[in-house]
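Two complexes, one shared chain (chain A), two partners (chain B, chain C).
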Partner chain A sequence: MESTIQEPFDLIRLSLSERVFVKLRGDRELTGILHAYDGHMNLIMSDVEERIMLVEGIDVGPPGQGATVKVATRKMDMLFVRGDGVILVSPPSRT
Partner chain B sequence: MLIFSVFKTLTDQQVTVELKNDLSITGVLKSVDQFLNIRLDSIKVLDEARHPHMMAVKNCFIRGSVVRYVQLPSEHVDTQLLEDATRRESLAAVKR
Partner chain C sequence: MDDTTPPPPPEEQAPPPPPPATHTGSPTDFLKGVVGKRVIVRLTSGVDYRGVLSCLDGYMNIALEQTEEHVNGIVTNRYGDAFIRGNNVLYISAAEVI
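Here is the complex of A and B:
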């Protein structure tokens, strides 16, 4: 019974100890191994890689041109993520 | 409540708190409460050149809602215990 999906949080529960993708506010994305979560979607993850998308040069040149997206990457060992910044948690792709 | 307990087990450990305004503070975790407000001692701001007004601050209380991340010492986190506790708490939440 434990392995059936009945509510959205079950999807996250089945992703425990697996690598998940997390989208956050402020154009940030994380991938890491999920170890804990709660009802606020506070998360504890390990082996985390964070990607921050920065759009540069949006004011120069004609609209739609001249802007470039720079991606800053950062690695962290063990991380607590506050739930109010979480947009989505995606389970690992099973390929 | 689970995450609150995790932070309680990490008191007196060195942590790095990253705030939503991009300020990162490293310090010794002295206490935490149910809102995940955090008290840090012997603090150091990571990018002191950008935040010179923080240089004189030696300890602080951080409101939980302004925290984005807390980097934890992985050697003091039992991941197996965390996963079991999370499963137990999520099942209890469904029964309620």
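Here is the complex of A and C:
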């Protein structure tokens, strides 16, 4: 597989039409089918589920007990992702 | 000052110069040397990614294999392959001899 990847974008190119995991700024994650991308890592995805990690009560209560992480999810049929929000893209494992 | 060499510093006080590093060269030479090796990529957010560096480009976009995501020293995710957008990268550290 290494021979097919000469530059990082090859990893994305090989993931077109596949379900990918995308980590975004602001503690957000997406999984969805990748339809298109460009050099900014702008993405077009479909059948997307977004997971938003919300930390609540970080400064209340005794230490180690106050903070809880709540995960909000939502689904979108079609989504344009602006590239500057992208941290990481992981294709489906090819193991 | 240009045509006279300055006298050598006093030897009895100056510490010996450090031995030359095994790998010297430009940052580009370093990056060429770590491709295919295990690396630690730290993002500006403080999250670490440990894996084998497949390749990288001029934006410092990175493709990693066998990637582990570490947050505060705890493994929080594993990815077979991972593309990291270069603007998030703080440093790339060699995790084995290069």
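The rule is short, and it goes like this: the second predicted complex is superposed on the first by the 90 of 95 C-alpha atoms of A that agree within 3 Å, B and C clash if a C-alpha of one lies under 4 Å from a C-alpha of the other, contacts with A are read in each partner's own complex, and residues count from 1 in each chain.
As a convention for this text, a contact is a pair of C-beta atoms (placed from the backbone, for glycine too) under 8 Å apart; a residue touches a chain by one contact, two chains touch by 3 or more.
Predicted model only: the values in this text are computed from it and were never measured.
A.B. asks: With both structures lined up on chain A, is it a clash or a fit for chain B and chain C?
C.D. replies: Chain B/chain C on chain A - fit side by side.
A.B. asks: Could you work out the angle between chain B and chain C as seen from chain A, using CA centres and rounding to the nearest 10 degrees?
C.D. replies: An angle of 120 degrees, rounded.
A.B. asks: Can A:7 be said to touch chain B (first), chain C (second), both, or neither?
C.D. replies: In the superposed model, A:7 contacts both chain B and chain C.
A.B. asks: When the two structures are overlaid on chain A, which partner does A:93 contact: first (chain B), second (chain C), both, or neither?
C.D. replies: The answer is second: A:93 touches chain C but not chain B.
A.B. asks: For A:41, is the partner it touches chain B (first), chain C (second), both, or none of the two (neither)?
C.D. replies: Second partner only, chain C.
A.B. asks: Could you say whether A:21 touches chain B, chain C, both of them, or neither, answering first, second, both or neither?
C.D. replies: second
A.B. asks: Taking the superposition as given, does A:76 touch the first partner, chain B, the second, chain C, both, or neither?
C.D. replies: first
A.B. asks: First (chain B), second (chain C), both or neither: which does A:84 touch?
C.D. replies: In the superposition, A:84 touches chain B and chain C alike.
A.B. asks: Please state the minimum Cα-Cα separation between chain B and chain C in the superposed model, rounded to the nearest whole Å.
C.D. replies: Between chain B and chain C, the minimum C-alpha distance equals 11 Å.
A.B. asks: Which chain A residues come up in both lists, the one for chain B and the one for chain C?
C.D. replies: Residues 2, 6-7, 9-10, 84 of chain A touch both chain B and chain C.
A.B. asks: So in the complex, the part of chain A that touches chain C is made up of which residues?
C.D. replies: It is residues 2, 5-12, 21, 41, 83-84, 86-91, 93-95 of chain A that touch chain C.
A.B. asks: Provide the residue numbers of chain C that touch chain A in the complex, in ascending order.
C.D. replies: Where chain C meets chain A, its residues are 43, 45, 49, 54-57, 61-63, 67, 79-85, 87-88.
A.B. asks: Please give the residue numbers of chain A that touch chain B in the complex, ascending.
C.D. replies: 2, 6-7, 9-10, 13, 16-17, 33, 35-39, 42, 44, 46, 76-82, 84-85
A.B. asks: In the complex, go through chain B and note every residue touching chain A.
C.D. replies: 1-3, 6-7, 20, 36, 64-65, 67-74, 77, 79, 82-83, 85-87, 89-91, 93-94
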